[in-house]
Every structure is written in structure tokens, then in C-alpha cells.
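Labels run A, B, C, D and E following the written order; every chain starts at residue 1.
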Amino acid sequence: MNQPSIQADIQAGVRADDGIEKGGLLLQVDNISLSFGGVKAISNISFDVKKGEIRAIIGPNGAGKTSMLNVINGFYHPQEGKITFRGKERISMRPHEAVGQGIARTFQNVALFKGMSTLDNIMTGRSELMKKNMFWQMLWHGPALSEEVEHRTRVEDIIDFLEIQHIRRTPVGNLPYGLQKRVELGRALAMEPSLLLLDEPMAGMNLEEKEDMSRFIIEVNQQFGTTIALIEHDMGVVMDLSDRIVVLDYGKKIADGAPEEVRNNQDVIDAYLGVPH
Amino acid sequence: MLYRITGQFKTNYRSDYALFPVRQDMFLLAVILFFAWVVFPLMASEFAFQTLLIPVLIYALAALGLNILTGYAGQLSLGTGAFMGVGAYACYKLVTIFPDLNLMLAIGFSGLFSAAIGLAFGLPSLRIKGFYLAIATLAAQFFLVWLFEKWSWLYNYNASGAIQVPTIDMFGITVSGPTASSMVQYYFVLFIVSVITILAINITRGRIGRMWKAVRDMDIAAELVGINLLRAKLIAFGVSSYIVGVSGALFVFLWRGAAEPNLFDIPLSFRILFIAIIGGLGSILGNFLGAILIIALPVILNIIPEAFGVEVDSSLLEHINIMIIGALIIAVLIIEPHGLARIWAVIREKLIIWPFPH
Amino acid sequence: MTQAPTPTNETKAAGSILSVNNIEVIYDHVILVLKGVSLNVEKGGIVALLGANGAGKTTTLKAISNLLHAERGEVTKGTILFEGNEVQSLSPNELVRRGCIQVMEGRRCFGHLTIEDNLLAGSYTRRDGNAAIKRDLELVYEYFPRLRERRSSQAGYTSGGEQQMTAIGRALMSKPKMILLDEPSMGLAPQLQEEIFEIVRKLNEQEGVSFLLAEQNTNIALRYATYGYILESGRIVLDGVAADLRENEDVKEFYLGVGGEGRRSFRDVKHYKRRKRWLA
Amino acid sequence: SAQESIYAPNLSYRTGPFAATGIPLMNGQRDYIMMLNERDGGVNGVKIDFDECETGYSTEKGVECYEKTKSKAVVTQPWSTGITLQVLPKTNVDKIPILAPGYGFSPMSDGKVFQWAFNPPASYWDGASMMLNYISEGDLDSLKGKKVALLHLDHPFGKEPIPLFETLAEKHGFEFLPIPVGLKEMQNQSSQWLQVRREKPDFVLMWGWGAMNAGAITEAIKTRYPMDQFIGIWWSGHDGDLQAVGEKGKGYKSISWSVPMNDAPVMADVKKYVVDAGNSLLDKPEDMDTVFYQRGLLISMILVEGIRAAQNEFDTKVVTAEQLRWGLENLKIDDARIAELGMTGMVAPFSTSCADHTGHSGAWMLEWDGTKFVPASDMLTADQSVIKPLEAAKAAEYATANAPWPVNEDCKM
Amino acid sequence: MDVLHKILVAPFIDMAAAPDFLMQVLWEGLVSGVLYALIALGFVLIYKSSRIFNFAQGIMVVFAALTLVGLHEKGVPALLAVPLTLVVMFVLAVAIERVVLRPLVNQPDVILFMATIGITLFLIGFGEMIFGGENKVMITEQLMIPTGAYTFEPFGGFLLIEQKDLTAVVGAGILVLVLLVFLNRSKMGRAIRALGDDHQAALSVGISLSTIWVLVWFIAGIIALATGIVWGARAGVSFALEVIAFKALPVLMLGGLESVTGAIVGGLAIGVLEKLFEIYWGQPLMGGNTETWFAFVFALIILLFRPQGLFGEKIIERV
């Protein structure tokens, strides 16, 4: 088996040619409002994500965090506001188009393809990067196989990186929750995103696993320069990992800044933390 | 340890992608193919050809088509019979308009017609899901059968409204029509079924197959990882209807010899659905196992009492037969909802770790 | 077969409400998941079941509440006693009627029902009249004011945390004697996590409800629990009074994240294989 | 003993959606043979091994039965137009006669083209012609300007008479209106009868089967369509279908080439040797007195007479399929023979030949009197001058469409 | 132009020309609609409570009707035969729950659907073995269902309304009201809806699957009996009746799989529209017999705009 050379591989794959410097503006969310019938999930929120940073979104349950991610990757269409990603403003797009632009994500309620193995799940992340058409697929031997092997190599690197070799062939439906989350991260990484959205990646994990997960996140961020936006309720993780934090409270933004500022912000403590962390 | 797989290491990904990475599977397949290509044709009687071998292959092919749509792409369809009809009528028109057309080609082309219609009826699948879609496919089922009945051009204005297969030669050998020999027909069918099966295996294990399975398992998530749902579903409808159409053409041209519109009605669709589900959704092997169970078993049940010289009232026998099939369907589902293919997989697992229980 | 130090093995202590004796669970006829698990919950106790992902916590809880067979799993060995009676042959609803209810992992709300209907569905087995049910409903709303706000929304559309609250509230509505909580704090805001455990304590003290909780947040779990078990790969590897466990060096290292020199930062975790296991 | 018998299977349907009409027919067929085997020890001393293979009216099962029985059988009795169409080309190769009394493909009458198929004593076109003769009192021109509706099952069986009706409508200037009934609409024909109400046809002729008959008659009564202008083909004259409406169905007619004669000698023999002996599958003995049961007897009679003719011609006891073909081609069922068989009045005399595989016998109108069917007309005959050319044309069409198709050129008209 | 005239104008002229006939068409459509709705109701109830798409509803109708008539033939008085039939339907419900549903709890929808087809086959074989395949006559009069007819003469034409159709309409109405009350007002109703969402979660909160399933299948059995009586009164009782199950499917699609109201509204809409289409468009322009597919195509078109049918529960899409 090839020796994993994650760095080279994943780095090469990142759609890095967006011409944005590290620290430049990658994503800008302007005055977004979203409501469902009577429920106002998001009201008039703006924030930005800089290239290369880890950005956390926190807030009490039902604050609109997941909805925010859904807006960013095109699953929800906000009633108002606009989103600028890599300098391109967009009104509304289908999720698979957002993926095409380099946005990948994981889900709060694990959304894996239950009937497929870990390997296949991660391989689906590469669907849009594979190009051989149906004709070649049917013949298989030849170009399709070569393409498959090429992408398989990448995926195996991700599997090695996430340390899930042992469950490579297991159908993911029966995996324990924590491993499912890891597979999901693998699938998102396989898309070689420039912006990775993580929705509670550590929920349901014990400390050891959270540490592992943190390690993966940091590594992805530092070594491959992938920008990460993450939602998490474990304050230890959030404070340690993130560069900047935005705090939502029932659809409104109540704070935005570096971890220390947020940690000591009275509004945040009242609305969310309970006690200073 | 009959099924010992330890020690069979793969040194590169390419060999991991061999059709049968495990040696024992390969051996088993070789045995099956040997039987299919050599032993059966030598031993089979006319009756066995006509009621067991040929229909099992054709039904398995139809089920394979359905399985791609339902088992792989997760779109339940109840209209398989009508799409077989499209293939059959298309083939009939082709061979009557171009009498010199090679039958193999004609059958290949007729699949295209049913694929086209399959695509049209697949369009709503982007919005309509689950059982709603299943019932919607019934619209195709009933509309098409009605059309077969009413559009007399399709059956060349026959008084009876039925189509009769003409005698067709290929390379000097009669392959269809009443005088064709069963063995020739069997080989013809076996050849097409083998080729399509291999192509289907390839397509289901690659990128497109994964896209389908993703759509099946969770279509929202599939879209959120970048899969274009409409395209994935339409490809599934197209490929599936193509195969189903081909099987329909084989059904009429290489087996039945004649067809009336309501042959393609709902009972046919259901029988194929049985095969696909009992065999195992999302499995290629399952279609063949299912076809053996659903098509061959009743035939065998029917001749058992006779073979033992027991006189059973034929209607009673039929009642019992129907009950047995019904009970069997339920029993298989209870024992293993994933069908015969999974039962085989479990047996294989057990053989691998045998003699240890876990 | 297990030599794990399980003092509760084969015990049917007078005070125990639940005792699990040496059970073995197999999924799909071939996958052996629990390899002889025994544990015991005292009447009025709060017992924590800890362990890594895939250790078999959820499986243990499902085995107790008889939900396994819906997943093609079965208990092949051992016995489970609730209030001294074997429960394996009971249907899940009979078990609930007798007072043992489970809050399932992953929320599992009834998506098309409103939040309020979800909660009321929890009172299905009760026979003590509408007034009492109404009272408990109010109580749940007091515990989770957010639910009151969203009472008429379809549960399927509510946020993850809201669903988690609903699932817990729904179990409370059955007025149980014993609750099996599977990862109650998952997806909840920190403030709420504390609150949930406060509720657990309150129910435990005031109503005498016993708890068996599978929880990843070891820190909180051991603060509130009276006793703890640690499960690894389908075996109990360590158990003891909660306070003792908190002082155990291994538990500190792997579950609480406090090494010799206080809390580690998540940033400083190094890429090293440190999978020390009790059963090496 | 085993080799001393003639294997004559029947592709029966006692199950499935059409079982209601199938069962009495199958019972009649079976009991006649049982009676012969008991009373006479078979035909000329050879027992007939009568065997049923259940098809449930499914073409697929039918073909399976055909394949299963064809090696030993002397005859195929397919019992459905669909199965008939399917096995028709195969019989040329397998050399086994099809016997389809009163059903199947009308041009099968042309024995030059359909050498192995027989549909005595009358075909659907005969039936259609006789119905028209009856309603026009023998003068088809009197129908000019009138409207004749054909309520039919939307299925090869139901479409069978359409070419003849179209030809005659054109020739005699009446309006022909086909009204199809889908297989799934058999139970609820209100649309079809609304159409009848709107179009006000002078006559409604029916090609119905199974549950369609009862459905149509109920709706006709409801729509208040005059019963005496409503006539069904022989398969629409089943006592069971009319019992549901009883008195209200009075006046409904069905053309029939068989007439129930409860006191015919053959009936007494069947009763004595089979029914009373407990060997019949009938639910209750009274069911003998129905049109379909007795028609079943006649159908078996035709088969047996074919066997008898073959035995005499070839001077053998156990006839082969090819010999039976000759027998069926040389049936001579005249009045004397009918009387010998104890069937006087039950069927009209007819004979077949190599050119005429039908015999084109006459038929009667049976009328429902509220409790049973009774004969209501003199014997009617069909207009062969129209039918014959049409048969020849359609048979030739079939032969060219299915070329190469073997044609018996030796056969003189 | 001519074609357009035939499609867009002529039918309406026909309607206006014979208003009494139009009224008759509407009434017939309405009655058919009620009959479709009755079968659809059985489906809805079972689907709602367990997400089982119960294909066996059609054969249950046949089975119930045959049992009723069969018992009567054996000499049981009609009014006693009805409760006895209900007992049989109850036993059937218990058997189905024990043998089929219980072992299949929590399985995917397709599998359960397939199992109901297995039940259908089994019941066909079993039923024919017991009752035989002959056509039977529904004991309409013995059940004291009036069989006369009212005639009216609107616009100088005539309109005929059969009393047994009227009875069917009224009976179905009452049945629906009772069901609606049961589902929306009772604790059981809530449990039924919960069960439909998630079998396992329902089990975990103590909802008894067995009880509810037996109950629901029993109610479906009662509905089947009612359906069997009204259909049997129209066309006799035989196994051919089984195909009417298909007529309920477009109704479900249109009304929504889990809505009682939907079954009624969908049934009536389809009954009336398909009749209008067949009489004024199908028969004159398309060779007739369009009823085999019209309902499906119509429902399909509606679904394109409302994928869950008119009254069905919205498919929850959230991540």
C-alpha cells in the first residue's frame, strides 16, 4: 500500500486557486434573515470567515446555528441578505452547486449513507471529481479503473489519516456514533473543500475521542490550509480550537470575537454558558 | 475452513478491484458458469428449457433492471411490466419494419425505446418520493398497457390485438419463431444476460453505482455532498428501463413467441418485484437466486406430486401453491429482510470463520 | 469467561432495582457485541455506564429495555432482572408499564407530531387520569421552557437540542421508577447539560427514580452518579463508587482529561498512539 | 393399465378472477369423461386419462401446462384466447391438435392455414352473425340506420367479433359502436352504461367473461336498458351471473350453441355414474342443471367423438395426436349420432372437414326467465357467405405475417 | 382547429345540452368515488399507524365479503353473520400481527410492503380453497339494505338514484366521521400517529405495537367488510373483486397516504373527474376505457405540485 503522503495529496487537491491570501476574506454573510412560517430562525445576521481560520459558531439550542450552515451551503434559501463566497456573490443555489464551489460539511444528525461501507461513503465524496462517463464505467477495465484507483489512493490516505482503517469495509449503519462522525468528516475531506462546515463534530464522544477529533481538525486546518467553520457545545473544545467565535442567540448575533472576549462577555454567559468557562 | 480468505493478500488497489477478489468465489462462479454454459444445455429437456432455464434467465434480467432502480437508486417502481412491454413492442416494430435486421441488434435497440420512456417517467422522481413515486409509476404501467391495447399501429393492425413473433434467422440458424430450437434460444438469452450482468456489475461498483446508493440511502445528504440528484436518478431510470426493455424483448421473442397487451400488466410487474426483493435489493446475484425461487419453484412444486404418483386435484394444488409462495415470501423476509443474497453472504461469512461460531 | 472485577455478579441484592447478569448480545446472528456484561443498579441509585464509542453502552441499554429485537439483535446468554423479575420475555411496553423506560440515543422524536404530542405520547401507559398527566406536562415545560415556546411545532423541524429535550421530557411523562438515559447531554448547550443532570438529581432525590446513564461526558456523569461502570469492547473493565472512579488515575487520564498537571488543552494533543487499554 | 389409455389433459382454470365461469365448464368436461370411463370403460374400450392442469386463466401458466403435457397428450384444450394464440404456432411444430370449442381465433376455422386448430361447433363470428340475424329477424337490411353496440372485454377475446361487425355494418348500413370494458373496470361499469344511456343503441350485444357479465347485467337493470334488446355471447349466459339479479334479469338473452336439457339421457347417465357415485367435483347435484355444466359435457363429447373417429379410421385403440387431428377434421355429428349419444336437442348437428375446422353449427337464443335459462328461439344459423371470405382473408393475413407458415395446399374447399 | 374544438368546446356543449345526463354522470362519479374512498380508508389507517403500505386491503375486502356470504349460505342468519364475520376479521388481524408484522418490526418500508403482498397471495390461495372460486351473491336484502331506486326528472330529463348507492354514501360518511374522531381525539389516535413515525421509539416509550397493530388491522377489516358489502351488492362477490384495490391507489396518491380526509376528498375527486373525463373526452375521442389510467395520471400531475398529496404529511427534510 502506498505510504500516506496526506499533506501533498490533500494540499494538491484543495481548490486553492481562489487567489485569496491566508487571512483574506473567504466568506461574507450579510444581513441574513430566515424564517419558517412564524418562527424566525435567523434575523439579520452578518459575519465573515477568513481564509485559513477556525471559526466557531455557538449559541443555545435552537439559536439558528444549524440553519446558518444550511444557508451557507445552499440548503435553505434566506428571505433576505446575501452571501459572498470567494468574492462571488450569490443569490440562491442548489447544494450540489455549493459543493462544486468548494464547500463541504458534516451534519448534526449523522447523515451517512447507511447501506454503504466506510470506504464507499468516503468515495462518494469524490463523485464530482471523477469524470469518466457511463460508457467507461460499464467497461470498467481501462480508464475507469485507473480513475478509480487514483481516487481510491486519495481516499485511503484520508482513511489512514483518520485512523479508521479497521472499519474500511464495515457498513456504516451499524457503526458506533463516534465513528460515524469520523467517517462523515472523512467524506467531507474527500471533497477537498476550501471551506469545511462542521456541525457538532464532537457530540456524543468521550474525551479521548474528542481529543482525536480536535487533532484531526487542527491538522486539516494547519497543514492543508482548509478554512473551518464549526458548531460545538463543548466549550473546552471551542475555546481551545477556534480563532474567532460568533455567538447566536435565538436568531440574533450577540457577540463576535476572539475566545477570551467571548468567554467573558456577560451576554454570552447569561444566554449560553451559565458559568464562565 | 472451506472459505479461508486469510492469506489472500492484495498488494495493490487494482487487484482489489478484480471482479472476485476471493479465490473461492471465483471457483464457485466458474462451476456455475460451467453448468450454465455446458451441463444444463446438454442435459435439459425441452420442458426444462421452456419452463425453467430460459424464463429464469429472462426474469432474472428483468429483475436486475428493476434492482438497479429500486435496490441501488432507491426508487421503488411498480411499472416494470409495462417497460418490458415497451421493449417487446419496439422490437416487434423493428423486426417487422426492417425484416433483415439482426435480432441481437434489434433487441439492443429496443432497449433504447424503453430507456427513453423510462427517462420521461423518471422526471417526476425529483419531487415525488417513496410510495408516492411507486404509485406514480403505476401511471406508467396502466397508461402504457392501455396504449398497447389502443394503438393498433403497434401490433400492425392485427385483429386480435396480439403480436406474434416471426421466424427470424441469424447466421443461418433460426433463433425465434415456432421452429427455433430451445437450445439455440437458451444460448442466445444466456449470452445477452451474461453480457448485461457483467456491465451491470461494473456500473454498480464504480462512481455511478455509489451515486445511486447515496441517493437511495439519504437523498438530502447526497445532494449536500455534491451529487446532482436529478442526473443520478435519471441515469438510474434510463439504465434500468434499458435492461428491462431488453428483457421484455427477450421475453416475447426468445421465449413466449406471442404476446397480448395485458401480458404486461401489473401481475408481471409484481412478479419481477418479488424476484428483486426476495433475491435481495441492491444485489446482482440476488436477482438470479430470486428468479430461481419465484419462477422455478412453482413449476417444481407442480410436478412434485406427479413425480411421486400422488393424484392431487389440480385446483387444490394451485391453491396450495399460491399459499406456499405467499408464505415463502413472508418467511424469507422474516428470516432475512435483505433477501437470499444476504442469506448467502451470511453463510459465506460463517464458512469463512468456520469452525468458530463468531 | 470474564475475570473482570464485577462484585455484582450474580447478586440479587435486596436493594437492587435492576441487575444484569453476564449477558451476551449478538447482532445479525454473527456479530458478538457484549461478551458477558454484569451490572447492578440499587434502588434510588444513579449509575453511570462509561466507555468509548462502540464499547456497547447503547447495546446494553437496549438489551435491558428489550429493544434489541427490532434491530435483529438478541441476548443469547445471561439474565436481566428488573425489581427481581426476569424481563427478557416481556414486551417493551410491559416494561414501561412496570416503570422502566429508556431515552434512546439520537433523539428519535416522532417527527410529524408536535412537541406537545410527543410529550403526551410518553404518557401512553399511564392510567392515573388526565389531570395528573396535565400536571406532569406542566412540570416538563418548567424544566424545559424552550419546549413550551415550541409546543405546537412539528418535532421534525425543531433543532437538535430541542429534540433532545423532547426525548427526555417524553420519558419523564411516563412517570417511571427507573430511566435508562442514553447520552442525555448530547447536543445540548453547556448550561442545559448541567440542568439536565440537576433534573436527574431532583427526580432521584424527590421521587426516588433510579437512573442508568450511558454518558460520554464523564466529568458530569461522575459528579452526579453514585456508582460507575466502565465498558470496553463489550466487557466491564472497571467499576466502583463514583467518587473513587474520579480519583482513579486511568479514568483521570482517559476520561476526564486531567493528567498530572491539570487540564490539557485540546490544541496540545499530540499525534501519538496512546491506546492503552485495560484488557491488553 | 397405463399404456391402454389416452391422455387428454385440460388446461383448466378453477382459480383466479375468472374461476366463477371456469368451474362449471371444467366440471362438465370432467364428468362426461368420467361417465364414459365408468359406463363404457372408456372409448372403444380404452380409458381416457383426463387430467387437469391449472392455469388460473394466466397465459404464462397455460404455456407452462402446454409444455408439460405436450409430450404425452393427444390434444391441447387451452381454454383462453391468450393461451390459444400463444400455442398456435407451436402446434405446427409439436404436431398436436388444439381443441377450442366455441372460442379462440375465428379464422382458425380455415383448416388449410390452421391445420392443428379446431373450434367446433361454432366460432365467435358465427355467434355474431346469428345474433344479428336474430335481432333483424333474418333481414339485416332492416337494421339500416339502427345502432348496435358491442359491450366487450378490452382483451383479444372481446375484440374477436369486431371485424365481422364492421364488415356487416358497412354492408347493411347500421351503426356499430364498440364499448370496451377494461379488466379492472369489470366490477364497475357505470361509465360504459352511461355511454349506453347517452348513445341509446337499439341493441347491446355483449362479449363478456367472468365478473364482467354480472357487472353488466346489474348496470343494465339499473340504467333501465330494455332487457330484450340485450344479448350476450354464449360465454355471457352463465346461470351464476344472472342469479344475482334474479327476476330483474328477466328477458336477458344469450346466444348459445348448447341447450340445457336436464332430462336428456346423457344427464341421467352422468348423474348415475358420476354425481351420485360421489365422483363429481360439483358442489351440489342441482348444479348439473346449468347451461355451463352441460356445455362442458358437450365439449368433452366433441373431443371423444374425434377420438372415436380416429380409432375407427386408423383401426387402433390408443390414438396419437396426429391421428386425433384427422378425427377432429372428420367429425360427423348428425342428428342420429346426437340421439345415440343421448343428447338430442342439446346441440345442433355439424360436421368438420379439412377446410372447415369449425363446423359452423346453428345455435339458439336462451332467455333468462328469472330463475333459469330457457330456449327462446328456433335454431339460428350464421351467414357463411360473409364469414367464409373474411375467414380466408384473415387467415391468409396471419399466414403472411408469420411467414414462413405451413399451409396445407392439398386441402380442397 | 377542429381538434381543439373537439377537445375544448364540444364536451362542454354536450354537458349543457343534457343537464340531466350530466347530473347522472356526476352522481355515478360520486358513488364510485365513495367506493374508492372506502378502500383507500383501509390503506390510510394502516399506513398511518405503521408506514405499511398494505397491499392486502383488496383481498381483505374479498375475504370479508366471502366470509359473510359463506356463513349465510351455511344457514347463519344475516344479522348474526355480520358479527361472526367481524370475529373472523379479528382473528385474521391477530394472526397477521403475530406471524408477519411482529417479526418484521422496524424493517424498511419496501420489505413490509412486500410482506403484505405475501399476505395477499396467501389469502387468495386460502380463500379459494375454503370458499371456492364461484361467484356468490351478496345478501343485500337480508342485510336490510334497500334496493329500490328514486327517480327524478330534472330539466325534463331523468335522474336515477339507487337506494343502495345512497346507503353506501351515508354509511361511508358515518364511518369516516367515527374514524376521524377516533384518530384525532383519542389517546390511541396519538399513539397510532407516533408509531407511524418511528417504530422503535414508539416501543421505547411503552406504546404497545401489538395492541395497536391488531386494533388497526381489525378496523381495516371492518372497513373491508363494509367495502365488500357495497361492492358485492353492485357486482357480486368473487375473487375478481380483488383488483379494485388498484382503484384506491391514485386516491391515496391524491389525498395523501396518511390522511383520512384525503382519502375521502381524493376518492370523490377522482370518482367524479374520471367519470367526466371518460364520458366527455375518453369515449368520444380516445376509444374509451380511459378509467384504467386517468386517475393515476391526474394524481401524478397534482403530485408534481404537492409531492405529499393534497392532505398528506409533508415529508420532513432537515439536516
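We take it that a residue touches a chain if its C-beta (ideal position, glycine included) is under 8 Å from a C-beta of that chain, and two chains touch if they have at least 3 such contacts.
These numbers were taken from a predicted model, which means no experiment stands behind them.
Counted as hops between touching chains, the shortest connection from chain D to chain E is 1. In this assembly, A is the chain whose CA centroid lies farthest from the centroid of chain E. In this assembly, the chain whose C-alpha centre lies farthest from chain C is D. One simple way to say how far apart two chains are is to compare their mean CA positions; for chain B and chain C this gives 47 Å. Each chain gets a centre from the mean of its Cα atoms; for chain C and chain E, those two points are 45 Å apart.
For the pair chain A and chain D, the distance between mean C-alpha positions equals 74 Å. Annotation for chain E: residues touching 2 or more other chains are 128, 133, 246, 287, 289, 292, 319. The residues of chain B that reach two or more other chains are 146, 149, 220-221, 224, 315, 318-319, 322, listed in rising order. Within chain C, contacts with two or more other chains are made by residues 31, 157. According to the touch criterion at the top of this document, the contacting chain pairs are A-B, A-C, A-E, B-C, B-D, B-E, C-E, D-E.
Touching chain E in their complex are the following residues of chain D: 14-23, 154, 179-188, 190-192, 194-195, 197-198, 210-211, 214-215, 218, 222-224, 240-241, 243-244, 283.
In the complex of the two chains, the chain B residues touching chain A come out as 12-14, 17, 199, 202-203, 205-208, 210-211, 213-214, 216-218, 220-229, 235, 239, 282.
Residue ranges on chain A touching chain C, taken from their complex, read 36, 39, 59-63, 66, 108-109, 174-179, 200, 203-212, 214-215, 218-219, 233-237, 240-241, 272-274, 277. Taken in their complex, chain A has these residues touching chain B: 1, 73, 75, 94-96, 99-100, 104-105, 107, 111-116, 120, 123-128, 130, 132, 134, 137-140, 144-145, 147-149, 152-153, 156, 187-188, 191.
Residues of chain A touching chain E in their complex: 66, 70, 75, 107-109, 111.
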